[in-house]
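Below you'll find the structures, each written out as structure tokens.
Next come two complexes built around chain A: one with chain B, the other with chain C.
Up next is the complex of A and B:
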């Protein structure tokens, strides 16, 4: 399981607001796809997925404040691998 | 996909992707291990992760507490810290470890120091040039209250580029840079070019603070008549609720128009865009200027 964490957004910036989730729980994401949009007083940021996988949990609602370092979502990489391997098997089956 | 976008979201052209990866974290770690400040972090720059992911950073010397109270800036204000003797050598080490070919050195404003911190700038430039003679060194300085002796100390240390931002149009100085003076900043650039013609002069403007087109174009004219070679133009973003609010989010098309106007006025090179900052992609700006000169 991979965590999506609120990154350091500059000196003395302790909080940010979740402005927009680009995905819902259960959606599949690719590494580096934007998962969530965060807003600070200064700027708006898109946070990419650290790994490919299935989003198993979005921990915070849109409009809520989060702290730097806080885990705001979980991505299941193994789930992604399982899906891929089952797809591979299906492909093999059709070859036969 | 959720439909409940929050109303505080900025226009779509002002959303920045975070490049938090092994490279950017490594850059951060190198800076931390050498006890170096960056304007990237202190000014809460939205480009920070992007630049760190390219192993670039803008070093901020003379501490991280500023003696001035500019309304646009998030750098801490108050009683400054002592000047660290190790700073020049630590920057030199960081330049080696990050393999930088273009180094930007800026500082907080140190009106409390007799030389405004000029000798620390000079020590840093000397040390860098001694160790890495092929590295392009850009200094981004405060106005040194217009003290020619201080400006000379920095200029004679051998920087390739002398950058000093006028930041905004004349009309907004009292509100945006209350302890600065529009013509003092312009005259600094002219002083450099008049006395050290081999050094490139560079300045930066923020837009979206409440200036109009005519005032902006007047600032461009003033920069040209005060011998500014290179110009950057970017969107002002308010770092916190205590800073001056944004008056306008300028559309990317207007940045392109401004870039064209500025080139027509005679700048050697112009970089204009919502996320352009004074030292953003400074190496590319300088190299493109050189290409243009060759043409």
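Up next is the complex of A and C:
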């Protein structure tokens, strides 16, 4: 399981607000796709997915405040591998 | 830095172009500066509240003003003829990964340009933008994806300031706006001003400047 964490946005920024999630729980996400948009004073900031996988939990509601270092979502990268391997098997099946 | 001008462009079309430019910089392309010219529009950021738009849709319509939601920070602002809108698309991974410092640096860029014109301007704590005494002359609203900036700032050269009176610009009630023309009484060419902006942005966001932070 991989955590999505609010990164260090710089010296003046300790808190930010969740503008909106680009995905819902259960969605498949690719590594580096923007997962969530944060709003700070005068800026929006998109956090990319640290790994590919299935989003298992969004821990914070849209509109809520979050702090730097806070875990805001979880991605199951093993689930991604499982899903891929089952797709592979299906492909193999059709080859026979 | 690459520089691209877009004359009298539709706002949505410009957003599509901007997304493409941002993707290119994310993929390792050169930093760039986009200068779009818009006809009378209002754009709203993520902090927009409906109460900061002070007229009805019918009045906006009769003025020919369209309102667009933008994926940037901040509240509501006006763009139109007589304004320089500048989108610096900068990869902060090669500079300093600091959202606040980036915004303060953009303010410094605008202040340096105004100083060349003989205008003394200032920053205000908690009120992002650039001010001449108590009047705002430039507004800022930024977005970041993978530490690459998009959107940017607007600088009033000689716009019709009436349009700022029908909103609470940046969410500030009774905010007064000013322009380069109003402060100096002079007509400066937009191309000259864009040249000053490019020089300052290149100076502030080159690799040597990054090492200084």
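The rule is short, and it goes like this: the second predicted complex is superposed on the first by the 94 of 96 C-alpha atoms of A that agree within 3 Å, B and C clash if a C-alpha of one lies under 4 Å from a C-alpha of the other, contacts with A are read in each partner's own complex, and residues count from 1 in each chain.
Definition applied: a contact is a pair of C-beta atoms (placed from the backbone, for glycine too) under 8 Å apart; a residue touches a chain by one contact, two chains touch by 3 or more.
All values derive from a computational prediction rather than experimental measurement.
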| item | value |
| --- | --- |
| Joint occupancy of chain A by chain B and chain C, clash or fit | clash |
| First, second, both or neither for A:63, with chain B first and chain C second | first |
| First, second, both or neither for A:13, with chain B first and chain C second | both |
| Of chain B and chain C, the chain that contacts the larger number of chain A residues | B |
| First (chain B), second (chain C), both or neither touched by A:41 | both |
| First, second, both or neither for A:22, with chain B first and chain C second | first |
| Chain A residues contacted in one complex by chain B, in the other by chain C | 8-13, 19, 34, 37, 39-46, 48 |
| Chain B to chain A touching residues, read off their complex | 1-2, 4-6, 8-10, 14-18, 20, 28, 40-46, 48-49, 64, 74, 76, 237-241 |
| Footprint of chain A on chain C - complex, ascending | 45-47, 71-74, 96-103, 126, 128, 140-146 |
| Contact footprint of chain C on chain A as seen in their complex | 8-13, 19, 32, 34, 37, 39-46, 48 |
| Complex contacts: residues of chain A adjacent to chain B | 7-13, 17-24, 34, 37, 39-48, 50, 62-63 |
